[in-house]
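Here the chain labels run A, B, C and D in written order, and each chain numbers its own residues starting at 1.
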Amino acid sequence: MRISDLKTNFPTPDGIVRAVDTIDLSIRDTETFGLIGETGCGKTVLGLTIMRLLHPAATMEGEIIYKGKNLLEASEAEMRTIRGREIAIILQNPTTSLNPVMRVGEQIAEAIRLHQGLNKKDAAAKAVEMLDAVRIPSPSQRANEYPHEFSGGMKQRVMIAMGLACNPSFIIADEPTKGLDVTIKAQIVELMKEMTERKAMLLITHDLSVARELCDRIALMYAGELVEYAPLKGIFESPLHPYTRGFLGSLPERGLVPIPGMSPSLIDFPDGCRFHPRCEHATEVCRREHPELVEFNAGHFVRCHHARS
Amino acid sequence: MKTHKTALTTLVFAALICAACMAFSASALAGEDGVATTDSDKIVKSVGGEPGKSDWRFPAPFTFYPRGPGYVRMSLLFDTLTWKDANGVIPALANGWKVSDDGKTWTFYLNTDARWHDGEPFTASDVKFTIEYMQEQEGAFKWFESIDYIESVEIVDDYTIIISLNEPMASFLVDIAGNIPIIPEHIWSGVSDPSKFTDDDAVIGTGPMKLVEYSSAEGAYHYEANYDYYNGKPIVDEFITMAVSNAAASLTNGDVDEATFWGSDVDAVNDFVGDDDFEIITGPSFWVLQIIFNCDADKGYPTNNVTFRRAVAYGIDREEIVEQKLGGGGMVANTGILHPDAIWYNPDCEGYEYDVTAANAMLDSLGFIDTNSDGIREYPAGGDLKFTLYTTSTYLREGELIQAQLEKIGIAIELTPSDWTTIDSYLKAADFDMAISGHGGIANPQIMNLPDWPASTYDSEEYNSLFKEQEVTLDIDDRKDLVNQLQELVAEDLPVYTLYHPYIWCVFNPEVLDTWFYTRDGICIGIPIELNKLIFLARYGDANENGKINMQDVTAIERMIMELDDPTDMADANKDENINMLDVTCVELTILGRAPIRCE
Amino acid sequence: MTRMKVNDVLGSLGLGILAILVVVAIFAPQIAPYDPHHTYKRMERPSSEHLLGTNDIGNDILSEVIYGTRVSLFIAFMVSITAITIGTSLGLIAGYSGGVAEFMIMRIVDIFLTIPRLVLIIVIAAFMPRSIWNLIAVFIIFGWVMTARIVRSEVLTLRNQYYVESARMLGGSNLYILWRHILPNVIPLVVVQFIMEAGHVIVAEAGLSFLGLGDPVARSWGTTFHYAFECPTLYTSDVWMWWMLPPGLCIVATVLGFTFVGYALEERLNPKLKTVVGMEI
Amino acid sequence: MNLINKLAYYLVIILIILSINFFLPRAMPGDQLAYLIGENPDMPTRMTDEEREVLLAHYGLDKPLSEQYLDYLVGISRGDLGWSIYRSAPVLEVILVRLKWTMLLTGTSTVIYLLLGIFLGAESAWARGNKKDTWSLISILTVSSLPVFFLGILLKIFFGAELDIFPLDGAKTTCASYANPLEGVLDILHHLVLPAATLVIAHIGGTYLLMRNSMLSVLGADYILSARAKGLSERYILNRHAIKNALLPIVTMAALMVGFMITGTIFVEKVFTYPGIGLLLYDSVMCRDYPLLQGLFLIIAISVVIANFIADMTYIWLDPRVREE
């Protein structure tokens, strides 16, 4: 998958929200690509843009090439054959993302019926299989239960089963570990690792520890644009961007040092570098000029005027 | 777009299913079929009243609603000994009668052809049974309880009967003989609680109509003709009287063929004037609206003062009320209560023509002066001259007009709408100032028992003795004199002040039936309704069998005598089984309003 | 974007209608061409003299409708202000004190909400003498219920808010907390309820008067409508146009005014809160 | 609240309604006797104290209040709603004759207005923000502010009197005799159109707005996004995921709507002289037929309670979350 020059905008009464602003990246066939950023930086929007699941009022520019096809130009009908079958998304908040009045098994089976043309019975059996695969105990019984009967971790497993039901080759996982306690989180991470071994995955998270477990490459997103993007090692061992460094610094083992300030609104960006109001290294040029994303090392891109220093 | 189309299809489908369900349940409701009819049947539909006011209950003699319309609906099924037409009393189950000189013994000669609807013959024993049954079941027959006057009934032979009275009764021929529906002994002898007896058998009478269906919910009565009727030939096959919310609209679009209007309905009636599709006949309503004063000696001050009552009478512009409320659809009432079209009417009662000056002078003389110039007079002891005027919501408009008028002579009125039960209890307890109320029956002097109702606070010995005297006075002129005195006394004393008599109209489609008429002094004891069973009949003498006896019938009989036309059943006016000049004479006498009553 | 605009337009439209009605009600004697009780030639068609003709006893219909505004608005105002006060107080008590009081109040509320109120009002009206005050009393008896319920649930959420908690910890008396911290937050809801209730009462009063259960002496729009409905030529002539339509449209306009204002206020004050719009008639 | 609690709660409500019914006439100022037996055309216009005593005894009104109350409850439990002196018939019988018409009228219009309101509301929410949505919102707000009686009369004047395409009054042609059942059905449907249309138009607003709001919030829900992400079609999502969730608030309001509906029926039946229990209620008010009035109130209140109960059950059936508890 190759994304180039992608821009996603929303009109709102207060102005145009530029949620995704000129993003270029490519994800290889079996790699797991982590997209990391604070809440409200536009990372979920990127996921939804790929799936073309945004509000009709949203405008998208650029290209998302998947298997030789530009998804932004695909018709709605084409997209429906791609969603769930080719590209699946595991949405955040399993509690609200599962239909409360539909049996869990059916929520998995409906996609199977649709994409794999199985009949009701076989699809139901396949759904049970999926539940089993995500390690839900007594899956055939639980398939007939409703979401509220599942615990948070179990729901997340259901979400994973739902996403993987039709064996998609590309998976977008949006905050799969949000709101889970540490042990459950570890189990889910383990499960994800196992389930997506041979697939391409875009992992959207603000949790670096999860990213470290799962990802091959990581990109950091700030205020709608990518600020740094490199293989796992590059990010953790030699972070270039002050934002990345700040982000790493907020990890528990590094002392939980928060980044000062607030992320800007996606409507009204500061001139120059978007991070400069929060950056301790900011200089005059940062206030004036918007830095470009440049390749600093092989495969290690960064958007900072002072990356070298 | 596509989703919309599917949605639309779904909706249409749902609507279809829905319609099917409706149709199914509707078919369940449509199950109650009436009689099978053919196109040639003549069906007459008439407005029986407004919805909610047209259920006059099951039309059997002991269950009908004891008001005029209830009686009339029963009377289509049950005959009485005598009946009335446009000219007065005529024979019914009794062909003729005679009365002894003391007025206490009445002999009736009964019709030998009359049969009950179930085919059983009618005989004298049915009459005896009826009267004795009603005396036995005291209070079961609720219409004009005068049966107590009868001392005994004696069968002479199957078709002759003698009724003896306790004391002479001036109005016997109408109030009893023309009132009590004769019921079949073979059915009712086994009925112990007549007020609950509503089987099919309960409506078997001798009348010109048979009951097909009675619907309490719709206030509808469906009759079919009794082709075996003894006293004429039905000219309609079915008759339906039903409730409609707006008679003018239903008449106009042909839902009904006849409707009654009265009083302020004049606007609707005027719309039919000049409409060729409809004919209008006007009748006397025998109905009066009046103000009742509290005449109680203790609680009624100042309305117990006759001068004050006269002042109020002068202060009320009855002409204006007739004009504004009725739109001219009525007349200023006889202050003596009885209707000008009634034979008992006294034209010489004091009229109290609107006279503010006279009213003011009278009030001044009583010491009610407007001392603080607020437009309202004060009592000599102080306090506004202010009264409560009770009325039912039906007569609020009249109340509003009176309120405005009395204000001009310095009397303040607080208009208090209430229901009749409550007002009645106030009247009985003498706990009121004035009240507006209306009633019918004012062709019959018996209605003038004012101290009984509604003026229960009026206590005049002179009045009471006059009333009692007229009740037993047989000589019509003597009685009339007494009734005249009663009326003058009311006009003078004003326990009630009459306001107006509304007009009543019958608007009908003559294409369907054109025999509607108003009965002389009202049906039976004075019901001012056009639904006299005679409208459905071609009677003997009605040679062309069109329901009307007029000069055309004379010509018709003459042509039959000359054998120019074939004789008809009804051409035999005197029922002697010959068609000859006697029948012509008989018809001519009928037209002149002097139908021969066979007295032997 | 359009949504907000629509709300504003509806809101100001509603306010405009209500303002006109209030002005008409206050200045009825100046605006009405005639005394509504004075009689002229009856059943006149509209003319330059009588713009809406005259009624069955010759009153000028236009004047009657103008004076009717007074009656209808008076009833609506009296009922709403009292019912809302009662409802708010009971809602505050139930929500804030909890316990037996809350249980009792809320059960009564449940029962009142279960029984169709206009049916019960009709039944009660059948037993009572027809007067405007009785009518107001009956409406008040049923009018407080919804307010009490809404206020109570709002109080329940407010009660646990930080500032209320802290005020309580600082030793604020209950009355003080209710008055200073809770009431001001409840007021917007109460205003919406007031508006809604007034609309309901206008329609309910008109409905009762139409059935002949109102106070027939006080000529509200419903009463005028009632007499027009009784007119024998209602369906066979054009009288409905000038006799029935004006009071009917006045009722509709008033209700619309209240609905629009209520809807706009509701969207603005509390977009999450949705009540069923629509009247019980 | 579990089922037993619910049932107990409704029993209490019914008991309270019964009590209101019992105490109302006894608490009102005025003549108790008149209130309890209604206007009686047979009653002598003047009653002596003795006659009064006899009547009071006849109706058991001379007993202590508690005993009367007990008698009353026992009577009700036997299905004895009393005797209408005005109509000279048992109250229950009078009501049952009329009930079928009201059921046909309200049943038909409820089904139509619910379907139509749900459909339009869902459509409007689907097209949120569009001109179409705005206009249907405004027009439906406007239409629903028409009082039922006003709307009914306007329809009656236009379609009944002016155009003369629908009958003015009644539920069927009075005393008509039909050649075949189909004719009868058509006649009844013909009479049903205007009253049902009035009820539908007058009540559609509530359902529409509720459905629109509820649908709007459902459409924004995560599980809808989740369903889209599965590649499901819009129509499938609407039918299988959105509708059921969006219906939940409608079911909650259903009981309240039944109350509205009954009120509306009184007016519609009055305007169109539809011989159901609404018109009967009106008539019994006008005739001061208090026993019948009370019987009607009881029947209506109990049907509303039953409707509440059914709504609760439906909610439980629709929402598994509630079912568990």
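As a working rule, contacts are C-beta pairs under 8 Å (C-beta built on N, C-alpha and C of every residue); 3 or more make two chains touch, one makes a residue touch a chain.
These numbers come from a predicted model, not from an experiment.
Closest to the protein's overall CA centre, chain by chain, comes D. Should one ask which of C-D and B-C has more C-beta pairs in contact, the pair is C-D. Note: centroid distance chain A to chain B, computed from Cα atoms, is 90 Å. Chain centres here are Cα means. That of chain C falls 22 Å from that of chain D. Remark: chain B and chain C have CA centroids separated by 45 Å (rounded to whole angstrom). In this assembly, the C-alpha centroid of chain A lies 53 Å from the C-alpha centroid of chain D. Shared interface positions of chain B, i.e. residues touching 2 or more other chains, are given as 246, 249, 422. Along chain C, residues 1, 212, 234-236 each make contact with two or more other chains. In chain A, no residue touches two or more other chains. Residues of chain D touching chain B in their complex: 30-31, 34, 39, 41-42, 45-47, 87-89, 94, 97-98, 100-101, 103-104, 107-108, 111-112, 115-116, 119, 123, 160-161, 164, 167-172, 174-178, 181-182, 184-185, 187-189, 192, 234-235, 238, 272-273, 275, 279-280, 282-283, 286-288. By the touch criterion stated above, chain C contacts chain B in their complex at residues 37-39, 42-43, 56-58, 129-130, 212, 215-217, 231-237. Remark: chain A residues 48, 51, 53, 79-85, 88-89, 91, 93, 96-102, 110-111, 114-115, 146, 148-149, 159, 162-163 touch chain D in the complex. By the touch criterion given at the top, residues 9, 13, 16-17, 20, 24-25, 28, 30, 35, 129, 134, 137-138, 141-142, 144-150, 153-154, 156-157, 160-161, 168, 202-203, 205-206, 209-210, 213, 253, 255-260, 262-264, 266-267, 270, 281-282, 284-286, 288, 290, 293-294, 297, 300-301, 304-305, 308 of chain D touch chain C in their complex. Residues 2-4, 6-7, 11, 14-15, 18-19, 21-23, 25-27, 29-31, 33-37, 45, 51-53, 55, 57-58, 63, 65-67, 142, 195, 212-213, 215-218, 220, 222, 240, 242-246, 249-250, 253, 255, 419-422, 424-425, 428, 452-453, 456 of chain B are the ones touching chain D in the complex.
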